[in-house]
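Right after this note come the structures.
Same chain, two partners: chain A is paired with chain B first, then with chain C.
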Partner chain A sequence: MTRLGMVIDLEKCVGCRACMVACKVENNTPESAFWMYVFRLEDGEYPESRVSFLPRPCQHCDNAPCVKVCPVGARYTRDHGIVVTDWDRCIGCRYCEVACPYGVNYFNYKKPKELQYLNWENPDVEVHSQGEVPPYKNPVLAGKFGPEQRKVAGGGHTKGVMEKCTFCVHRVDSGLDPACVVNCPVGALIFGDLEDPESPASRAIADKPAYRLLEERDTRPKVRYIGAPVSSTAREIERPKVRN
Partner chain B sequence: MATSTQTQSPLLPYGVGRFGAGWGVVFLLFLVLLAVGLYGYSRQLIEGEGVTGLRDVGTMGGAPWGLYIAFELWFVGIGFGAMMLVAAARLAHIDLLKPLVRTMCVIALATLFIGGWSIIVDLGQPVRAVVNIIKYARPMSPFFGTFTIGLVAAFAATLVYLFLDGRRDAAILARRPSRWSWLHRLAASGYTDTEVEKHRRRRSSALLAGALLVVAIVAASTSGFVFGIQQGRPGWFGALQAPGFVVLAMLTGTAATVIVAASLRSGLGEKEALGSRVFTLLNTVMLVASLVYIYFIVVEIITSSYSSSLADQRVTDALLTGEYAWMFWLSAALFIVGAALSIFRATASRSSIWLVVVAAIAIIIGALLKRYLLVVPPLTTGRLLPYADGSYSPTWVEYAVVGGLISLGVLFFMIFMKLFPILGLNDREENV
Partner chain C sequence: MAASRFLFGPLTTLGAAEESDSGDHTGTVDEWVPTTCWIGKQDCGMLAHRIDGRVVKLEGHPSHPRNMGTLCPKGVGQITALYDPNRVMTPLIRTNGKGVKGEFRAAGWDEALSLVAEKMNAAREDDPRKLIWQKGRSKAKSFYDKAFVNASGATKLHHGAYCSDAGYRACEYTVGPHGVLHPDFRNTDYVLAWGWNITAGGGNKTCWLTWNQQLIEARARGVKVVVVDPRVRAAGAYADKWLPIKPGTDLALALALCNLVIGQDTLDRDYLRKYSNAGYLVQEDGKFLRIDDVEQVWDETTGGPMPHDADGVTPALEGEFTVGDQTVRPGFQVFKEHVAGYTAEWAAETCGLNADDIREVAADLGSKASIGSIRSFDGVDVPHRPVSIMTYHVSQQELGFQQVRAQVMLMMLLGAMGASGGTMVDWTWKVHKNYAGLDDIEITDTPNIYLNKSKFYPINSNNSSIVAQVMNDPEAFGVDYVPEVAILHMVNPLSSFLSEEDLVEAYKKFKFVAVIDPWISRTADMFADVILPAATLEKYEGPPSGTDQYTDAVALRVPIQEPLGQSRGDIQIYLDLCEAAGILFGEGGYLDEVNKALKLSDEYALPLDRKPTEREIFDNWSKDQGIDEGVSFFEREGVLVKGPVSATKRYGYAMDEPFGGAIHRLYGESLQGYQEEMKKLGVSENYWKHYTALPTWQKPIMDTSPAEYDLYLVSYKMIEFKQGRATQSPLLAELAPKQRLDINPETARARGLEDGDAVLVESQNAVTGFTRQLKTVVHITSSIRPDTVAMPHHYGEIARSPVTEGQGPTPNVLFFTGEGYTANTGDQSFHVKVRVEKA
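Here is the complex of A and B:
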């Protein structure tokens, strides 16, 4: 049975955050929401310091705590293992968010219009966008997906519902890789079927030791990491506190 | 004898049907607070929860649960505790608490009602929630349990108990001419004080009291499980959460009963029905429950101090010496002061009611702080990946909404007091 997952090669990652930008563009994610986030970390003190990078998409856990606690089944695991949120069913209790140890959930605290980087009602923006629909009205992301026919892609970022990385479910269902994977300039992100030994993801971890984040929590993520694990004393270089 | 004087009086007992100026002023004050809360909530509904201080954990550095959930736990805890007292009074035949059974039922109903609303106001999609919780119910989620067992079942069970327990008193009132006699007739629903009916009433109330006890314990535990089964959040996972919730419910339910009973004793001049012995009994319950709860806090802190998890340690440090230390130690001090006063009251030669009331106030405020400390610090400081520490400050909208919810509870209580006697009538009172 297919189990879609991602392998992240930390030895290749250069911390350029192209994946973060690609995710934002692909999914029109609101301000302050980073479905894909890349930690830029520093450990030790200069001149003995070491810089490392840690891309953090949703971990799409096999034993997903967010799925367990959802009171209405809005958060669920699809047949191919992708953990998604049916934003049309979500009641906005944020229990999935507090249950997730990885901090990957983003709640829409405001109206979609107010969460965009651009004011799409500004006449100047209208001139330059040449009649493009505003991202929060993107019909592709608002559709129903999969055999279950549920609204699980980015959608219109409706106020009061939870969202997170979908592994670009709208692309995956069309046979494409997620946007972050396609846009990584160094091939540090590899996507594929973890059950298929011939898939790029399986081949990437076939002869290298791979690990998962917070393995002791037994969430069994489908995101595997290659390379030196991040030190428990590492700290963020920028320490962003982005709030909308 | 106060009660017998009331039966001879043409007036209904305990101020039922009499809307005085003082009552009106207080009612209006809480009505204004409710209106402010409604305005705050309307802003939240229109603008989204961006008008609150709530934000996402992780990169946003916030807390997705805050004041609403802390107050929800506090409210429903009081309700479950009051339910436990009602059940204990009936099952253990504690005659001293008999006059207070209705008061405790109304406390439970009011707090469960506003506890339910506290959850509703916290939701991003409140209207959708009412439908989806039923349509797509997932009983394995503790949140579902909180909604169903915790609120609906507890509320329904208490309401039925209130109705069954109050039929005789309603029948007594229905015989007296008043503009509310139709309501009392309705509440009496054909009650006749025959031996058969009395027997039925005794049996049904005993059965229902058993159910109340079970529902209250299960519901309080379910609230504990919302946190206790979460491995993803440092500071929450543990087998002590559910029993801790049950004990704190018992404690706060008793403390709330003490405060309300003292107010009724003073306001209604009911020095006989609410005599010193009633407060002595409630003080004993508070004393035992507060000592057990303090023990739970100590065990919790010692255990988490030895945790191998850095994240767990970070939450404990934030509580003991960090950002939340002032609140933690204030909360601990209030519990200790409450317990100390209860011990002093229990051993003193002169029995002061106000000593019990001060202990109850200390305990109930300490419990509120404890609820806040349970919800917020693990969200802002309990990070497992290398995110920066977060912060949470409630906005005026949250304070206004919480104030509105409290007002709603108080108004509910005040209205009930004017429609039905808030204290049980004496059993020896006239035959029906």
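Here is the complex of A and C:
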């Protein structure tokens, strides 16, 4: 059976964060919601200091703690092992956020239209732009997906729901790779069926040691990392705009 | 929806109903339009995803050699440069005084263009030198830098002196091609990443993406990367070794490496003899020995002087000879003696490094250069010297010109310039006209506004901050006029250039300033009389090259929708402006100059009596390129991939005439000549002291600042904003929201500073004693030298937009222009001594 996963090659990642922007534009997520997040890390003291980068999408765990705690079945594991949120069913209890050890959940505290990268409802925008700037529109993201016909794609749909990385379910269902993977300038993100030894993801880890984040939690992520594990003494530098 | 209602009742508090889209999107028009990136420097290929005419995303063009289907954060984020409600939507005319935040009224194009044309023509008629055309990054040099400048007779000012032009001048002068230094990545084994901001912004010739792709392929082959930089942050995971060099001492390290390479005798003598002036005999007065105006070498076969270009001559590189009553030495011998004192220990002390690390670099260079080896490319044999340097913006420092010259000379000793796996300058090994031009400058006593060919800067990179100083005190520089009308095209000097207080004073002197820009830049806000709104991605523009040094390609920027509001494509604006000014038609008019700049053949030349559309011009150009279907090819495909770049174009050695016939100038005779003339004409030592035949270490003037200015400040670029008008983009500002001061933990502790603390940074000019200040916040990082602090080059509230408010200042306000802070080529230094205290 197909199990879609992502391999992240830390020996290639240059920490440019293009994947973060590609994700935001593809999925139209609100400000400060980074479904794909790239940690920029620093370790050691001068002159032995070293810089490294760690991209962190949703880990799409086989044993997903967030799915288990969702009281309404909004968070579920769909075909091919993708963990998604039915934003139409989510009641915003945020149990998933508490249960997840990876910090991948982003709650819509405000009405997303006030958070999106341009505020299409601000009257000033209308005045400044003389009505020339067309509002964002991508009906695909509002659609229903899969045999289950549930609303699981895209972000910024509504206030009071939890959203997170969907592995770009709307693209994957059309046979495309996730937006972050396609855009990575250096090929550090590799996507595919972990059960198929010929998939790009399987081939990437065939002859290299790969590991998962927080293996001891037994969450069994479908995101695998190649390269030196992040040191426990690493410090985060250059944080993007975070929520207040 | 139904299920949630059934189980839990209507969830009105969540407002889910507001978003009730049936998901039925039949009837929508879903399209992909190819175009070319606008926001960055390197013109990557893009595909715009359009739904019902509204662009929803920009993706990389899969066939474009430079980016192969991917984009950097700026590339993806520039959708906010298209749909920015703060863009200028109509022509604007100023209604208040200048030097303060502008008040503007909307105007029609006809009114605005007539006004600009009238002022422009008045200046041209009075004295053509009074018209200035100033640009930022030019996206269509043929149409702007060449055709408009030639048709209008304006004096062109540009940004190179703030970029890497000291390096350009050093390479043009020393070896010929136009650029700084980059590796032949596919074949190199060793990269000295010298001030190369590897993961955070650019490198020679391209702004970012291509080099990282090529570096990663090279890493897979095992290439070694040695980082020479006061900061290691940008090297990311790619530093096999970090040499944390003290700012401003790069020349010292390069000279010591030359000395070590000579000492270990890892020299490509064959190259030095054949293709450089290392064998030219130098008299005691520093001039070449010439007989009948021809430079002489000492022929080892005949044991006497011979013309350097005589058949079968074998020039001696070492020794001392007597010719007539002259004692002469080959240029190489002079160089060898010149660098003998630059030992590893001396450089370690000067540069704040370990002598063993420096020796290791020299030993690696010597062994990996594999001198004598050959690699074959499609049957073409090319000397294989797989050692290389990537160096770029680091050239912008007081000693920058000679620093890059010394780096080039280091590679010359190893035979690695233009070799397989070696060090490249331009995409192909084309010799620039400056190779001859910079060797033969006639110093003028009536220089123009940027002091071109003047006694101050005989070699001159055209620095707008110097222009400001000259405008503020023309007599001090022997200039007898002040420009009155300026056309600013996509340039924002107050934020991007240096010495803001000089610039502000100078811009007050312009009687009229017209701005062509999509935004109200800070400069436009304070000084524009008229703003002509330019489109961003909604226009025809180019043609940009698409080469990645291995595959040649050409592309076009194709409009991905109609221009927003009343904005127009820049080329359209020049057509309209030239028409209004009466310089569009006829010989010497704009259309004639476009024909020349695009090198259009007679068959496809634009008629000189009819105004074409932008599309028509590119249609003619496309057909002239042999693309029968014309511009529609680019509208459909975006990029024309022409195929592999041949070894005979890429490698200087492999050209039909090796290195294009340019003899590489190890010994810079004319530089010494300029020094002598400058002394005669009477300028202070700070101007002439770096004009020496051989790069010579001299302590940077900034080091004479008082001891309380105990830290070096350098600036650097960030991948989020590099080489683009970008901090007003909400998507990019979200990634990097605020200005900061990078400081080593030890340095911060000594000042009682913690991460996020507000600090006052004060710079000091060691020559004038002036100080400048700014406030920012501390960002503690151990990837920087303890005696150095650093700030991103960006920010400074670059345009009128709510996004830029509160982002913090640009460090450009702290740097100085002039003696000690400008290279001998007029290039700007981004180095200064500062003190930092808690605010």
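Going forward, the second predicted complex is superposed on the first by the 220 of 244 C-alpha atoms of A that agree within 3 Å, B and C clash if a C-alpha of one lies under 4 Å from a C-alpha of the other, contacts with A are read in each partner's own complex, and residues count from 1 in each chain.
The rule is short, and it goes like this: a contact is a pair of C-beta atoms (placed from the backbone, for glycine too) under 8 Å apart; a residue touches a chain by one contact, two chains touch by 3 or more.
Small disclaimer: the values here were computed from a predicted structure and weren't measured.
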Which superposed partner A:Asn183 touches (first chain B, second chain C, both, neither): second
Which of chain B and chain C A:Asp173 touches, first, second, both or neither: neither
Partner chain in contact with A:Gly160 - chain B first, chain C second, else both or neither: both
Touched partner set for A:Asn138, first chain B, second chain C, both or neither: second
First, second, both or neither for A:Glu195, with chain B first and chain C second: neither
Partner chain(s) touched by A:Arg56 [first = chain B, second = chain C, both, neither]: first
Touching partner for A:Ser32 - first (chain B), second (chain C), both, neither: both
Partner chain(s) touched by A:Tyr102 [first = chain B, second = chain C, both, neither]: first
Common interface residues of chain A - those touching chain B in one complex and chain C in the other: 32, 72, 89, 91-92, 111, 159-161, 240-241
Chain A-facing residues of chain B, complex: 47-50, 52, 54-62, 64-65, 119, 122-126, 128-129, 132-133, 135-138, 140-144, 147, 226, 230-233, 310, 379, 383-388, 390-391
Contacting residues of chain C [partner chain A, same complex]: 1, 3-4, 7-8, 11, 13-16, 18-19, 21, 23-25, 28, 51-54, 56-60, 67, 69-73, 75-77, 79-80, 83-87, 89-90, 198-200, 208-209, 212-213, 216, 219, 232-233, 235-237, 239, 242, 244, 564-565, 719-720, 730-737, 744-746, 779, 781-786
List of chain A residues in touch with chain B within their complex: 32-34, 37, 39, 41, 54, 56, 65, 68-74, 89-95, 97-111, 114, 159-162, 213-214, 217-219, 230, 232, 234-236, 239-244
Residue numbers on chain A that touch chain C, as the complex places them: 10-18, 20-22, 24-26, 31-32, 42, 44-47, 49-53, 72, 87-89, 91-92, 111, 117-118, 124-125, 128-130, 132-140, 142-144, 151, 157-161, 179, 182-187, 227, 237-238, 240-241
